[in-house]
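In what comes next, chain A is part of two complexes: it sits with chain B in the first one and with chain C in the second one.
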Partner chain A sequence: MAQPMLEIQQLKLHFFTDQGVVKAVDGVDLTINKGEIVGLVGESGCGKSVTSLSIMGLVPQPPGKIVNGSILFEGKDLVRIPSRKMRYIRGKEIAMIFQEPMTSLNPLFTIGNQLTEAIRTHETCSRREAEQRSLEMLKKVGISREGILREYPHQLSGGMRQRVMIAMAMILKPRLLIADEPTTALDVTIQAQILDLMRLLNKEFGTSILMITHDLGIIAELCDRVFVMYAGQVVEETDRYSLYKSPGHPYTQGLLRSIPGMEERQKRLYAIPGQVVPPHNMPAGCRFAPRCQDVMERCKKEVPPLSPVAEGHLSRCFLHQGGEQEHGTA
Partner chain B sequence: MVLLDVRNLQKSFPVYGGMFGKKTGEVRAVDDVSFTVEEGEVLGFVGESGCGKSTTGRTMIRLYEPTGGEVIFDGKNLFQLSAGEMRKTRRDLQMVFQDPFASLNPRQKIANILEEPLIVHGIGTAKERKEQVQELLHVVGLNPFHGERYPHQFSGGQRQRIGIARALSTRPKLIVADEPVSALDVSIQSQVLNLMMDLQEQFSLTYIFISHDLSVVKHISHRVGVMYLGRMIELSPRDELYSKPLHPYTRALLSAVPVPDPEAKRKRMILKGDVPSPEKPPAGCAFHPRCPHVFERCREERPVFEDAGGGHMVACHLMEKGG
Partner chain C sequence: MQFSRTKPPVPPNETGSANRNSSLEAKPLRDLVRSFIRHRSAVIGASLVVIFILCAIFAPLLTPYEFYTSTRETLDDPSAAHWFGTDDLGRDIFTRIIYGARISLWVGFVAITGSIIIGSFLGLVAGYYGKWQDSLISRLFDILLAFPGILLAIAIVAMLGPGLNNALIAIAIINIPTFGRLMRSRVLSVKQEDFVLAARAIGMKNSRILWRHILPNCWTPIMVQGTLGFATAVIEAAALGFLGLGAQPPQPEWGTMLSDSREFIQLAPWTMIFPGLAIMLTVLGFNLLGDGLRDIFDPRMKQ
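On to the complex of A and B.
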């Protein structure tokens, strides 16, 4: 039986702005087991990045505020942990890499400086030892050139910088790595290198990975389980095979059908009508109702619960409950 | 009929450096690129960042002054036209840009943005122009009242529709679309792609469609060209390119694209290293330092871009070696 390493329960994170309350994360449940690669997929503004930042305690508060829920990491609730303890966990036990490696690396310090700082913040060890460990880790991520420790971020290419970021994140052998669109800024051939590397690190160190992406192709190649988010809520949770074979939620179905390049040129692409609802003006019922083809009266009034469609496969849609019938028929 | 004939196009940018900002070298962004585009065709360009696909698109229509080569558009040699003649020809050559946030003037109302090209080219009376703006809004799927709004009041997908409407306003023959859907989410991306394909049919347009996304290019193009380090290395009808790629780089590029099907069985070719700097391109074939099939000749001699049969153009020494 898989052991949960991270359990997010009913997390609600709202931003209190002058325009009103933005419910960026609105009741998210998400678990990651030991050694698992979990995908979190959704379009811009769906709350996937805010969810990941709240795990790290990196959402600026105010304007953000966790109004409900807990984030259990190996039994500790990260929402209620003192910030001093959180600093120990951050980096050492949970590490994160971001989309743009150039803005995450400090341009004024050498690669060696930044890597050894990560080690020496969390562990007592000599500078020399820290440099030795940095070099080993850089070799693991595929950088073996002489004098790399004395180079500055601007001297490296985009792919190399992302490798350095991964080395920095992995150097303390964290138990969970959060990767927020790590390859979006990179070219496909470099992306293939980075995805390969992440797979390798997952195998070698048993690190769990939370992969945040908008690319359903990456999910198919890398992830064991997938969470699909729409407008601040998880709308579907399943393993990667059934995600593509039998997607449950109409939004997931629409997303998969909108991917170009699968069919003949003459055919029109499927397009989900309309746009994502504005964040401070959410519909009362199902958030996807205004764009859904199978919308029913009930969808406009009630928020559907995440309910099982198959073993280990949840979807937030009334269709799985026998359409217009009453609650509890599922 | 051939609408556009590009021959040996070249574009270099000077590199300045040193203490007194002297010219220290040059980047060959476009290095001897030739191709033709038929009327009503969609020609896609793919390649990774810095491969010169955007520069090719822009130099071709003289948004950048070319360093060499010639472009015959609709019977006219664009590089020999005077500034005035070129301006007139621009009616027929329009462009759609990647970033819908940066390419619309934030201080202008949409109606003014769409009317401006008509004023510049002296098309119609004030009243006719107003009517045409309304019609443009309609064809790209926006409402008449949208004309009175400002760019910041629109979402990314809607702005891209406005960018397309602006390109259409002068009824051009050729539209160069540079990464038009790259900034959009998947569900919005498919709406804009459908719109572009519909308009192409409706107005019998010709597109040059530039993108780094191989699936998007596959969807919309009739023929596809692959660029690497300023050179065109393969150009062929779309199905042929995606099913039987000839150049080792094209094969690696195609195999690197993540496929949204977990059960797809395929061999992945992972290239080593990065794209070299275009300031110091490798001698011989530009791809040889990363090529798994490299042999002696590749390091010395630049392969010729030629037909490998059935209009499938490729620049690789392996073609001759294999017979």
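On to the complex of A and C.
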């Protein structure tokens, strides 16, 4: 049985703004096992980035506040850990890479300078040794250009910078890497290279990866398990095969239908009807109910719980709960 | 063709530093120097500033007179012996102006450096930590800005007693909010940059992030404002001198000289013209230089 390395339990993170309380993350459960690549999918604003930032303890507070739940990382609750100690976990145990490689490096310092800085934030070692390790790590991420350590960020392309960011995140061999849409800002060809690189690092160092994306293609390519988020809640948890073969939640089904197919010629591309619910005006029942094709009366009143569809496959929908009950009573 | 007679133009990258192999090599300093030289008013401003600095440094070598020795040749016209004439005590005005450059530049430099250090520090704290620190510091700046600058300076000098050093302190204090607010606004925007978040994500300490990631990215506007502030400081020093609150006789301060010349304006206009010109040219120099630097550092002006 796989050991959980990170367990998020009933995490609720709300932003207290002048317009009202925005429930950005509203009761998320998420587990990542050792050496696993887990995907977190959802459209913009569904809370996936906030979830990842709250693991790192980087949500600006105020206005953000964790009102409930825990984030257990190897037994330690990151929600309740003092910020002084959290600093030792960031970078050393859990590292993160961001969406925008173009702006994630300080323009005023050389690559070598920033990489060695990352090492020396957590370890004491000589400059020479830090540079040596930086070079090795850069080689691992596929940059072996001579003199790279003395170059400035503006001399590198976006793909190169993202590799540098990955090198910087991986240089201390963290146990968990959070990648917040690491390929969104990159070309498709570079995307594939970066994904290969992440798979390689996962194999080589045994680093677990939480891959945040809105690209279902990346999930299919890379992830062992997937969490689908909608409006601050996890609506589906499954492995990548059943995500495609038998998606449980109508939202997931809609997402999958929204991918233009190669086979059939369509006049119009499919889109899930309606809009994402406004964050400070959530419906009382299921949050997807206003857009759902299979909506029932019950959906508008009660929030459906995450319930099993199959082994290791959970879905937040009454359709399955109903099915299970029938199964149970029969 | 204009170039055909001379050497063909060499591509810029192949000129200097042949030992660097990569043609992509950044030469930020050289680019900066080049765009500086191309900026005419910046060059004029810099020349004026350099002239005054050289005067200040080499004052004893440029003139045979002492700035404090009186002679019997009072209120002499400008002549070969006294280029700018003499004042009512028979002192050579050229000499006094050259020595006066020392005072003005010193006051400008120390006062502005002081305001930059204190203002930047306060602005940095206000912008980075926000919350009550921000409210406290911002209100402090508001209070300082509520007074007209020179009036506040006069009040401070009146409190501390007249004299060059107290004038300098007053000028430093009244310029603090300029730099503080500039720094604060700059920090507020740099703080949002991805690389700051990235630095926090590798577990860097707050203080380290401030010094390494935020401060260096805030310097440019401070530098530009500092150059412009230098000009203001020179004027303010002269104004305080004129009012008798700054440099005290026999210190050859331009404002003091102007004030002394009031009685002789009709009899000996050179006693007023030359100190006035000196103030004007210094201020013009720093303003041109500051404006030029702002253009040069503005990425939208890059060619």
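Miscellaneous remarks
Criterion: the second predicted complex is superposed on the first by the 316 of 330 C-alpha atoms of A that agree within 3 Å, B and C clash if a C-alpha of one lies under 4 Å from a C-alpha of the other, contacts with A are read in each partner's own complex, and residues count from 1 in each chain.
FYI, contacts are C-beta pairs under 8 Å (C-beta built on N, C-alpha and C of every residue); 3 or more make two chains touch, one makes a residue touch a chain.
Note that this is a predicted model, so its numbers are computed, not measured.
Contact with chain C, but none with chain B, is seen for A:G147 once the two complexes are overlaid on the shared chain. Of the two partner chains, chain C is the only one touched by A:S104; chain B is not. Legend: residue contacts after superposition of the two complexes on their common chain; A:T121 is shown touching chain C, with no touch to chain B.
Once chain A of one complex is fitted onto chain A of the other, the partner contacts of A:R163 are absent, as it touches neither chain B nor chain C. Once the two structures are superposed, chain B and chain C can be ranked by residues of chain A touched, with B on top. Touch criterion met: A:M96 reaches chain C, while chain B stays clear of it.
With both structures placed on the common chain, the touch criterion links A:R316 to neither chain B nor chain C. By the touch criterion stated above, A:M56 is placed in contact with chain C alone, chain B being left untouched.
Chain A uses no single residue to touch chain B in one structure and chain C in the other. Against chain B, in their complex, chain A makes its touches with residues 43-44, 157, 159-160, 187-193, 195-196, 214-221, 240-241, 243-244, 254-256, 258-262, 265, 268-272, 275-276. On the chain B side of its complex with chain A, the touching residues are 48-49, 155, 157, 185-191, 193-194, 197, 212, 214-216, 218-222, 238, 252-253, 255-264, 268, 270-271, 274-275.
Residues 56, 58, 87-92, 95-96, 98, 100, 103-109, 117-118, 121-122, 147, 151-152, 154-155, 165, 168-169 of chain A are the ones touching chain C in the complex. By the touch criterion given at the top, residues 22, 24-26, 193-195, 197-205, 208, 212-213, 216-217 of chain C touch chain A in their complex.
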